[in-house]
Amino acid sequence: MVTLTRGTYALSGTSLAFKTGTWRVERPVHKHWAAPCHAACPAGEDAQAWIAKVQEKKLQQAWEILVSANPMPAVTGRVCPHPCEQGCNRGSYDQPIAIHNLERFLGDEAIRNNWAYPVPKKAKASAPTVAIVGAGPTGISAAYHCIRLGLKPTIFEALPEAGGLLRSAIPMTRLPRDVLDAELERIFALGIEFKPRHRLGRDINLEELRQDYDAVYLGPGCQRSKEWSVAGAVPGDLADGLHLLKEWVDHGGVPNTKKVVIHGGGNTAMDIARVLKRHGAEEVHLVTASGLPGPDTAPDDILNVVPRELEEGVEEGVIMHPHANLKRLLMRGSKLVGVEMVSLKKLPTASGRKARVSFEGTERVLDADIVIPCIGEAVDPEGMERVLGGSNYFRPDDWGRLSGQDNLLAGGDARGDRGTVSAAVGDGRKAAIALAAKLIDGVEPEGAPRQPIDIASLNLNYFQKGTRAKAPTLPVEERTDHAEIEGSLEWSQVSAEGERCFSCGNCLACDNCWTYCPDNAVLKTADVAVDGSHYVFDYDFCKGCGLCATECPCGYIEMIGEPE
Amino acid sequence: MNAKHADRLAELRAKFDRPPSWKDDPKEDKERQTIRERQPRFRGLEAGHRACQGCGEALAARLVTEAAGPDVILTNATGCLEVFTTPWPQSAWRVPWMHSLFENSAAIASGVEAAMKAQGKSTKVIAMGGDGGTFDIGFQALSGMLERDHDVLYVCYDNEAYMNTGIQRSGSTPHAAMTTTSPPGKERMGKRHLKKDLLSIIAAHHIPYAASASVAYPRDVTRKVRRALSIEGPTFLLIHCPCPLGWGHDGARTIEVARLAVQTGLFPLVELERGAITGVMPIRDQKPITDYLGLQNRFRHLFAKNDHRAEEEREHLQAIADYNIAIYGLAADGDDPLDSEGADTVHRCAIVP
Amino acid sequence: MIEIRIHGRGGQGNVVAAYLLATAAFEAGLYCQAFPAFGAERRGAPVVAFVRIGKQKILRRNEVKEPAFLIIQDPTLLHEKGLTTGLMKGGGILVNTKLTSGDISAAHGEEMIALPATGMAVEAVGRPVPNVALLSAFLSLTGIVPHTALRKALSGRFKGEVLDKNLNLVEMAAKAVDKGLWKEVAHAASA
Amino acid sequence: MRQALEGSQAIAQAVSRCRPGVVAAYPITPQTHIVENISKLVADGDLKTELVSVESEFSAASVVLGSACAGSRSYTASSSQGIMLMSEVLYNISGLRVPVVLTCANRAVGAPLSIWNDHQDSMAVRDSGWIQLYCVDNQEAVDTTIQAFRISEETEIPVMVCMDGFILTHTLEVVDIPDQALVDKYLPPFAFKRILDPKQPISIGTLVAPDFFAEVRHSQHQAMLKSEKAIIEADRDWKKLTRRGYGGLLSEKGPKDAKVGVMTLGSIGGTLAEALDTQPPRRKTKLINLRCFRPLPVAAIQKACEGLTDLIVAERAISPGLGGIVGNEIRAALAGMKKAPKVHNVAVGLGGRDVPLETLNDLVDWAKTAPDTSFSVFDAKLDKLPKEDR
């Protein structure tokens, strides 16, 4: 190099020859954590990832990311109790992101625009075949993911139409059937073979399926009501909630009652309570051992109802009795005239586990002419007796694989420990992944879930408090058996709501690291940043000050020690 | 020009031993260079400078040059910035830059600007200095530059002490702060005097634009730089930039410290035109000054147990913060996208080079 | 080479007088040198200026200690001790005074030529600045530089009406003294 | 054109002929008239330049440094305390090798406060890396000012043109102000190229570590030594155009076989020259007028001193505790000579003390008996001092 001696001047930008990276004892790295919404989603949706695309206003791409986990956003956006929103870090800051509204918006947009489901891996002619029992959410999800992963699925369904509980028991006020039809039609059009009116144990049998297909996935749901009585008593006209709900969905029939006691605290309880209230019952009481959502209730003790459904039910006049149980039925002969309730709470016992404890002296009586148990259902063992044994439910591993059964998997409500559409979807997806791994690649499925990131790891200075988007709802007096109660968000609302996302644990592409680096050692590039971020660290110059890590709003940058 | 002169000019130019640009050096890593060169912002201050880890001044200077763009000439007072950017034969600057002395940045800038005028050029001139070179030793030259109406933006990187010489108090050091020449002890609680209200003195020159800014709000910094450069005549920008070494905080917390200076009211962000306040950054949620002081070793003695003076000085600084808020009307009247909470709000940015 | 010392008070145009005389000499084709006795005096204080006129280039730059002529712009200065010290033997003193030459010479015990220069200046120019009248009279007395040269020097410094009035003043003052009275002294000095 | 002009006015005219892009100055006696006359030229539209009326000499020097670095020919003037206030910048300008011309209207440095002439101010910055040229009369000051721009731009070394305060600046005498066309022919347009240019950005004023500082100083010193050639050529070329030259580095007057030399700087050379003509000393004496003090032209000085037995250095500054500044440098400069003359050193004319014609003879007489290590403030009247201070 020519020496610049006269006047000892220097040429522009020549400091690049001096690699300040040697000063570093720690280096920043990108660390992609699981956003809590992602960690909380039973279907495995990464809401953070697809909301990022909403922020970029690339709606189809957002939907494509969404349906890489869940093929039915228009459905789940309506019926899911959205644990993602409970997980959302924004909830500890102002209000959680209205993820279900965004999901529904994308699902509806996809239907309206007829966006094609991406199929990353087309099945070969010789592809392994999978028989799927049950066309409920888990069966459909399993079939859909089989298609995506290059397997050939066939669904066997006892009923004439697909949909399972979505069709038979979810009120139209929550899930309009044209939405369900549209979504399922598009999924089935991907090439899923569908055999309706094929009932296991009657029209087909499991052993033959296992012989004819390379694998079988059981998603039969829970079709059998559990035994129910209070202190041994059962009214003569007893009908359970799911049965009543199915009848109402099927032909609109409801029992003619004045004072109703519903026993149980799930979505079925709330759905039937609201149906009966709308059909003229004077009083509808919902008695549940769980508590209402609120600061005084432990998270594991909150009743399992979609929060907005609870809100709407109360609006409509359903009387809630949380932390209560039925102690005795008051009968006149076989006819119910009232129930005796008692207060209780879930408390730690001597062993440390929690158990429900009734409080003596809190007994009181409710007049009632009907009591409707909504305490859940069990698997109808018909045709699966040998694999089910004597149990109410299947107990497979997390991938749905049944112990001791080669290429036989199960999931969805039939597991007994799930209970939501999203969980059923998630089971179907995981089963398909496990099958594809084994049948195509002959390996174990990979599943190392990322750790979720908590709010303390975010830098909240870079966000402003805001109000959660609220979808329009029908006024109570306009609600009918058919009209959907909750409406859609406007695009402007969707856009604003997307902007609120913290992008927990993932790159927000906000430029903070790029902007704040005093050393020009963060370079902005989409091409080279293979980790999905928009930036690379230039370790030739990074001095390891850690400013970028501190000021990353999303906790996406971690400082790690330089190798010694 | 006659032929003899042309020859003579050629001869003189030949003496100018400018080597080929570093870009032509085949040893450079082409791949990395490409990304670096494709950055969608003007790189006025390049990597490879020798600032401390987490240096607020380096960041501020980077932001200023980014906002100013290439058609600019910089002058620089002696100080950290000058030393860490230009150890011969290297320079981190990508714009013409000149350093002469500690106290004459404004004066050499006046000369550069006069030359631009004489040559009919429109290149903007930015004079730069630290607080020592601006509040104290270079103040006379600065005042003269402002009075003579030179078309120069003067940027003061305010890190509140003489850092280049090892943290001695300056006219800008805040009250009660510890420096090596204002140490706390039995008879003293750090600096006895107040931080000089430079901006008011600058404003009294009735220049078209003067403002304060902070590295914690980079968009505000660049906006103010562009605003100042769009004005013909002398303009002034005071940028608060923490010094991890001198203030005693981790380099990773530079922005956090700077932000708290604003949010407590200790460093008000204001804009003055012809001496009148025309804009302030409102403070949405005023933070207690202890949040700010507690992060920095230079205020460590203000948290001494069983020392009544510590509490008194804390209250004193809180009173100064409250006074600033009252005097400049900093208390927010409802949420404002450009207030102390809103001005640094991030969004997904889809600009990809 | 002729050396001249001019005495006046700050604000009376003492240096201008010296510069004008030297400039007139230049206009007449002679070498010249004029400079003040450099001081920090303010308005009203006694001041001195020097003029050298010669046919050859003037090299020396020391103060004029033995002038051939003194021009005194303010008669009250004559009370100052040693004002005329160093005047060459037979040298001339021109004084701005309302008194006659005889009266002023008698009053100070030295021969002096009187010129009511302030009065003339007030009459001709309207301002009480005696220097131009004194220079004109001085040229008449010595004949070292023609009046046309003084006019040229004046036209380099003044314009329009002011110049015309000053030229009139030159005429007026030139006639007020005996032409050629100091011619021989001047000749002797320049030898 | 020949004119009768005050020295300061003549300098303003000369500067104007050099077409400076930027002039910055702060008034100080006796430099004031230079600034005033330039201001008037600008006000009248006779000089197109950016005149920056700064708030201190420090800024004046800084402004011309900035403007020269930004590609404009730049000029400033000062004196005495102003030079002292500038001194930090003076080192900077030369260290950065930036061409600038400065007129120093030489004046004593306080305390005690003195507005009168001596050379203490320019001597105080003799190590600042500036070329220093001393002028005998106003014509030389005019011509040297024009030469200075050419020398400075050719060598990339700043030039200080020293002219005695009052004695030259306030003296009206006949000078020839060269025509613009002649100056344009002599002085090429400002061609300094190591400048602040956004199209080819460079960084000026870097930090130099111990591993290179010595080399920088060496190269600066070498440049100064080589600048003798540029100074000589500038004077020679000027003489070709105007028939006026000043001997380049120094000039001599007197018999070739003189045994005694009297060396001076500045206007005192005029007075002694007249004395040599009109009252020559009994011993054969010649005058050596040292025009260029920095670089110190050792070879030329030695040559001028050949054949002398005694050299009297009469200077207008003092280094208390040492004695003469120029005198001691001359002693060092002659050290390598065969048959070097004895060097006698005096200070004369400090703080405006008049130097009469008799000084020449007095000096030559004094040198007869003075030892060569002597130094005295030659014209000090010791009886004015209390005994213990004599």
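Each chain carries a letter (A, B, C and D) given by its place in the written order, and its residues are counted from 1.
Methods note: a contact is a pair of C-beta atoms (placed from the backbone, for glycine too) under 8 Å apart; a residue touches a chain by one contact, two chains touch by 3 or more.
Remember, it's a predicted structure, so these values are computed and weren't measured experimentally.
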Determine the set of chains touching subunit B that also touch subunit C.
D
Return the chain pair with more inter-chain C-beta contacts, choosing between A-D and C-D.
C-D
Give me the ID of the chain with the smallest distance between its Cα centroid and the all-protein Cα centroid.
B
How many angstrom between the C-alpha centroids of subunit D and subunit A?
90
Separation of mean Cα positions, subunit D and subunit C [Å, integer]
34
Any idea how many Å lie between the Cα centroids of subunit B and subunit D?
42
Which integer distance in Å separates the CA centroid of subunit A from that of subunit C?
113
Contacts with two or more other chains, residues of subunit C listed in rising order:
none
Residue numbers in subunit D touching two or more further chains are 96, 156, 194, 200-206, 208, 212
Mark out which residues of subunit B touch at least two other chains, giving numbers and ranges.
18, 85-89, 91, 93-95
Considering every pair of chains, which are in touch?
A-B, A-D, B-D, C-D
Complex contact set, residues of subunit B against subunit D
1-2, 5, 8-9, 12-13, 15-16, 18, 70-73, 75-76, 82-83, 85-89, 91, 93-101, 103-104, 106-119, 123, 140-141, 143-144, 147-148
Once bound in the complex, which stretches of subunit D touch subunit A?
95-98, 156, 194, 200-206, 208, 212, 215-216, 219
In the complex of these two chains, what residues of subunit B are touching subunit A?
17-19, 21-22, 28, 32, 35-36, 38-40, 43, 45-51, 53-56, 58-59, 62-63, 85-95, 218, 244, 250-256, 259, 335, 337, 341-342, 344-350, 352-353
Subunit B touches which residues of subunit A in the complex?
1-4, 6, 8, 10-20, 23, 52, 55-56, 461-464, 499, 503, 508-512, 515-521, 523-526, 528, 534, 536, 538, 540-541, 543-547, 549-551, 553, 559
Subunit A contacts subunit D in the complex at 5-12
